[in-house]
Amino acid sequence: MTDIPAPRHIPDRLDKPLSSAIFSWEALLVVVAVAIFAINSFASPYFLDPYSLSDLTFNFTEKGLIAFAMALLIISGEIDLSVAAIIALASTMMGMAVQAGAGTPVLVLIGIVVGLGCGAFNGLLVTRLGLPSIVVTIGTMSLFRGIAFIILGDQAYKGYPESFAFFGQGYVWWVVSFELVLFLVAAIVYWLVLHRTSFGRRVFAIGNNPVAAQFSGVRVGRIKFILFCLTGLMSGIASVLITSRLGSTRPSIAQGYELEVITMVVLGGVSILGGAGSILGVVLAAFIMGLVTFGLGLLNVPGIVMSIFIGLLLIIVIALPIVWRRLRGGR
Amino acid sequence: ENVKIALVVKSLGNGFFDAANKGAEEAAKELGDVDIIYTGPTKATAEAQIEVVNSLIAQKVNAIAISANDADALVPVLKKAMERGITVISWDSGVAKEGRQLHLNPSDTGLIGETIIKLAADYLPEGGDVAILSASSTATNQNAWIDAAKKILPEKFPKIKLVATVYGDDDSAKSTDEAKGLLKSYPNLKAIIAPTTVGVVAAAQVVTDEKLIGKVNVTGLALPSEFKKFIDNGASQAVALWNPIDLGYSAVYLAHDLAVKKEEAKPGATLSIGRVGKVTLDDTNSAAMAPPFQFDKSNIEKFSKIY
Amino acid sequence: MKALLKYREIWLLAAIAVLVGLISTRFPAFADPGNLRQVFNDTSILMILALGQMVVILTRSIDLSMASNLCFTGMVVAMLNAAHPAIPIPLLIVIALVVGLVLGAINGLLVWRLNMPSIVVTLGTLTIYRGATFVLSGGAWVNADKMSPDFIGFQRAAFLGIPVLSWIAILVIALFFVLMTRTALGRSIYAIGVNPTASVYAGIDVGRTKFIVFCISGMIGGLSGYLWISRYVIASVEVANGYELNIIAACVIGGISIAGGIGSVGGAVLGALFLGIISNALPVINISPFWQMAISGSAIILAVVLNARGERQQGRIILKKVEAVT
Amino acid sequence: MLDNTHPAHIVRDPPHKGEGNAAPRLTLSGVSKSFPGVRALHDVSLSLYPGQVTALIGENGAGKSTLVKIMTGIYQPDTGTISIDGQAVTLPSAHAAFGYGVTAIHQETVLFDDLTVAENIFLGHAPRTRFGTIDWRTMRKNAREVLDAMHAGHIDADTRLKDLGIANKHLVAVARAMSIDAQIVIMDEPTAALSMKEIEELFLLIEFLKSEGKAILFISHKFDEIYRIADRYTVFRDGEMVGEGLIKDAGQSQIVRMMVGRSVDHIFPQRKAEIGAPVLSVSGLSHPTEFNDIGFELHKGEILGFYGLVGAGRSEVMQAISGITRSTGGTITLEGKTIAPKSAADSIDAGIVYVPEERGKQGVVIGLPIFQNVSLPSLKRTSRSGLLRLSEEFALARSYTERLDLRASSLSQDVGTLSGGNQQKIVIAKWLATAPKVIILDEPTKGIDIGSKAAVHGFMAELVAQGLSVIMVSSELPEILGMSDRVVVMREGLVAAVYDNKELDAETLVRSAAGIAA
């Protein structure tokens, strides 16, 4: 080896953080959210009212809580379609506990533990048996809700204790509901975990290349298992909130929530193929979905027509950056 | 400013509720100062109905008249509505007592239960096996009717044997599967009773397809305009229903009475409902309207043009 | 014989035979040829849909909007029929195919031209198409009463003792069989699933093929729209709500790998048949309807576990003596 | 002597024409291509002649693969023209290139594992029946004919591709090129994963293609091969063409100088043997299907070479040692303690790291930036109580990548946009950064250019000097001979022999690996 030249210096980054922030996904979502907020304020005189705005948050807090965990799961390259069914099963178990005379703390514990258990069951099937999660959770989706139907049949559980109502109906301060506070706290926790810890970094690595991650000493199976458990846990928490809000349990509770949660996550800029996404995006997407549904609700637009807007929003928001890049002259 | 009364239905698009809306508009015209907001979810779930109610609260409507997808789950949000000064009544499919000021039953629950069995029994002088194809297993009103029917069966119709109750979820595909299953499992089945407008059509179509007209009689609750065909082809001898137009009309009248005239809803109170007459509240603040009306070959033609 | 056992379809067929056997211990008439023919007829629409979904899944995509497409197209033909009963049924079927094709092409274009993940596109159109049905119909239902006798009767007419619906299913199965095994398009579809990069290098236009695949699933959705509506004689916004998951479940049970590239026409058909038999049999053998959901959920999980067993590759064998032993 | 400061100065001898008077089959002129932040190709020209092999030579990231992708219609050039047989053409898609008879065996194998050999050969241009459907019978027959013509009759046209060895897969790729009657065949580092025996087979095939009058572009970092097979050469540096000519007129040092702009004599680093006590000992390690009864010892400060034909099971053994695959028996002892790693994480914690050979699949995490790739196995050290510290990560990444002479525009660049060889440098950097006791390098210099190879080898020498122990799996004889203290030869999943480097020559090794008695 003769004359080795001095090593070439490689800079940390090329682009300025500011300019990349301006052209980021989150910036796009902020613009969309502000626009919808403005449109809503013009379209309905009832919109800009503290009570209305407070009621609005109920449209997304429960789904949003699940969306955080789902975001991590999707970033890692997996998916969970059984979240709504977990809600149903957890709620049914809480109902059974009420029949047996359980008090509020026990109820909350049961909701959370059942959610966690269901998540662990999904996680085991996926990580231990190496099955594709989309398929497994289509199966457990029927299984979990099916068990709720077996237990409850055409009956309903009610008679939840008075104090239990706080979780889904209570306010922490003025119009700030307990659900909203929980949502915001969870947002911060999940943001920290995903973007500021090595656990979060490993989640990204798994989503981009699970094999290389495994070779790099990432315990892929364990992390995915934890993520399924987390998603189950959040579904359990959501189950507590919804059950408390409805004050009763039926096996058909939360039907169809799974697709709304996934829509929220994808709208938030999480790549459905795994490997990319941010919690801030999910938070913004949750607000946007709440704003759209509530704003259109004020105009008495039927829910199904709202879903057209959500569907369009989803496609347009995802397509926009692609079209934009094309126009600015890629290939 | 006009009085805003929201007519919240289980799901949009259902012919029964569209007819009720006609009645509601008629009442609004008579009352003069009323705007009707006809709304509801597309999917018959409690959660979706709660979002609808929330947006009505935000719009500060004067009254909500709701046909509920779930008797209990809607209670908290309706309570909130009442706290914010909104009059809440339920009609058709009720809400638990603490979630509304009064409930308007289309007809007496026991009477409906009896009627659906009687519709089958009338054409089975020898007696025989019958089965019930219901809507979703969580539907409040259907469950109440079925219970009433079961209660009355041994004393009034001893020769009729109820062999099964299945649920079609008000989904035509599922109702069809269930109806087929009934015919296969019970070869001696003489009648299918479907106390739901979706299920009854599905069952009648299955009986027609399986060429069992004359062997199995389909009956239950049906909208004449949707069901005429099966009376005509003989798959069904007769069905019953109350008048949804009158129901919507009365619901709006009652909501108006409570919201504007500040009438009080308490047990024993008698309230007037325009051209339909008067109702008296029982001790659960419920009132029942007319008995179910029967449709057969003689009158279906006429009523199918109305609702 | 041993070679035959390698095929997943044989195992699935065996599983179905066992299932039918089990059911007939509790309800002997179930295994009658007449009844089985009826089960086939009852499952026809699911089979057709599963085939349409299969070609999409084979290319590593997914079409979540099929059930909504079915709902929309069904409403279109139902309203057309109600308004103009004179339109002949074959023309209505062509219209259904075209409407379905257009909806499928919208999915396909977004996937092809904008390179968007299919799951996102069809998650969006899933709600859009169903919402569009509401807008189109104003929320009103089209009931049996408004449909012409031909509209309802066409699929029920018997030909050689078998209903037209079954014949349509048989025809679709045959077409797909030829498509997948005998045409260049079919092979490209497999190739894309096996290795998309290699497909580009092999000169296959991956984007365009995906577009075509979505057009196919769209047409299938449209065709099923007519079949569904005329079968269940009601067109509403709620038609086949959530059915997309049943379609995917049928594919999965039939051994079509969600990761693309693996699966066959026979598998899709048998997978649909398996689900069809379960939903057909439960009411018959008197299992409480409340058990139905849990049972079909367990069946899906079981099928996936078994399929995965079969799929697990047994690595290359380096050791000579091991090779000699087996 | 070459003027370093003017890379545009082009050495041409003899200009333009090939041997004889044959006209070029394919000519590229003035081709440029940029990616965001990178100028991959700038105004390059290249001609390929019938019946001749042109070697394309250049450092990692010089733009070779990019050029191949332009010639095969996968990328579009920003400027420049392509002409085939004198006609200017555009190649908007791979299909179009196909139509002009251009075919490539790409750097990463791009075939269909789950399809049969016949289908792999004929996908996209299968013979049809009268009805326009695929004629399977003719297809099989034609496949057999093509394979026979290439002396590859041992390959069954009906087997699935995944059941073939890597060398046979290459043959299938070539058969595919033959089947479309390709006139221009491009091979992008076809020998990177092959060992001697397979390389010889491939060369026979290239000779055959030459005799059929095909124009061949051959890309490789191995000079012995280039001198064996090529007629002409073209050298790229930093995306520019810096020289071309007849291979017989140019010496290796001359070409290397053109390539890197300085002279590099690749001499394996001198090391004073200071081999200590055993660090890692393996005995009786077995696996049901891949290997059996593997035993060896690795000493402190030693480089232990593992040689064998491709598919001999070396990688599997190494993956078992590092906990990635499970073994069914045997013991692994590290510094006197028996260990049973159940995952790569376990073995990294214990101090054994495995640098995998398949960089795309197992090595780099495409989608993450360079610095995150490097820090991934070392996150425990670069983060504090679970919280990330980016500055630490950048520092770690910088210290390792700069020493390996990485060519990248910044450390935040996605590794997916790096050239193949530069990705390999990331792979090595990331496991070195874990500061292990034992490092297992599986084909560490696969696809790395001559200059960087020297850097990697220098690095290895330094590591052992610091007291680390290295296992180096390699299929390159010179590397095995030049670097190892001892060599373990594996054959068909078994240890065939262990040699001390002193008594070793190439022939012994090859015979032992192939199982031919001396």
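The letters A, B, C and D name the chains in turn, as written, and every chain counts its residues from 1.
As a convention for this text, contacts are C-beta pairs under 8 Å (C-beta built on N, C-alpha and C of every residue); 3 or more make two chains touch, one makes a residue touch a chain.
The model shown is predicted, which means the values in this text are computed figures rather than measured ones.
The interface holding more C-beta pairs in contact, when C-D is weighed against A-D, is A-D. With each centre defined as the average position of its C-alpha atoms, the distance from subunit A to subunit D rounds to 43 Å.
The distance from the centre of subunit B to the centre of subunit C, with each centre set as the mean of the Cα atoms, comes to 36 Å. Subunit C has its Cα centroid 30 Å from the Cα centroid of subunit A.
Among the residues of subunit B, those in touch with two or more other chains are 12, 42-43, 137, 167.
Multi-chain contact residues of subunit A (touching two or more other chains) are listed as 149, 153, 256, 302, 304.
Chains touching one another form the pairs A-B, A-C, A-D, B-C, C-D.
Across the complex, subunit C meets subunit A through its residues 110, 114-117, 119-121, 123-128, 130-132, 134-135, 139, 237, 242, 245, 248-249, 252, 257-259, 288, 290-298, 300-301, 304-305, 308, 312. Partner subunit C is touched in their complex by these residues of subunit D: 72, 74, 93-95, 97-98, 104, 106, 108, 110-115, 119, 123-124, 126, 128, 132-134, 162-163, 165, 176, 288-292, 311-313, 316, 492-494. Against subunit C, the residues of subunit A that register as touching in their complex are 81, 125, 129-132, 134-136, 138-147, 149-150, 152-153, 256, 259, 262-263, 266, 271-273, 302, 304-305, 307-308, 310-312, 314-315, 318-319, 322-323. Contact residues on subunit C toward subunit D in their complex (touch as defined above): 178, 181-184, 187-188, 190-191, 194-195, 197-205, 261-262, 313-320, 322. Taken in their complex, subunit B has these residues touching subunit A: 12, 37, 39-43, 45-48, 50-52, 54-55, 57-60, 70-76, 80, 84, 96, 136-138, 143, 167.
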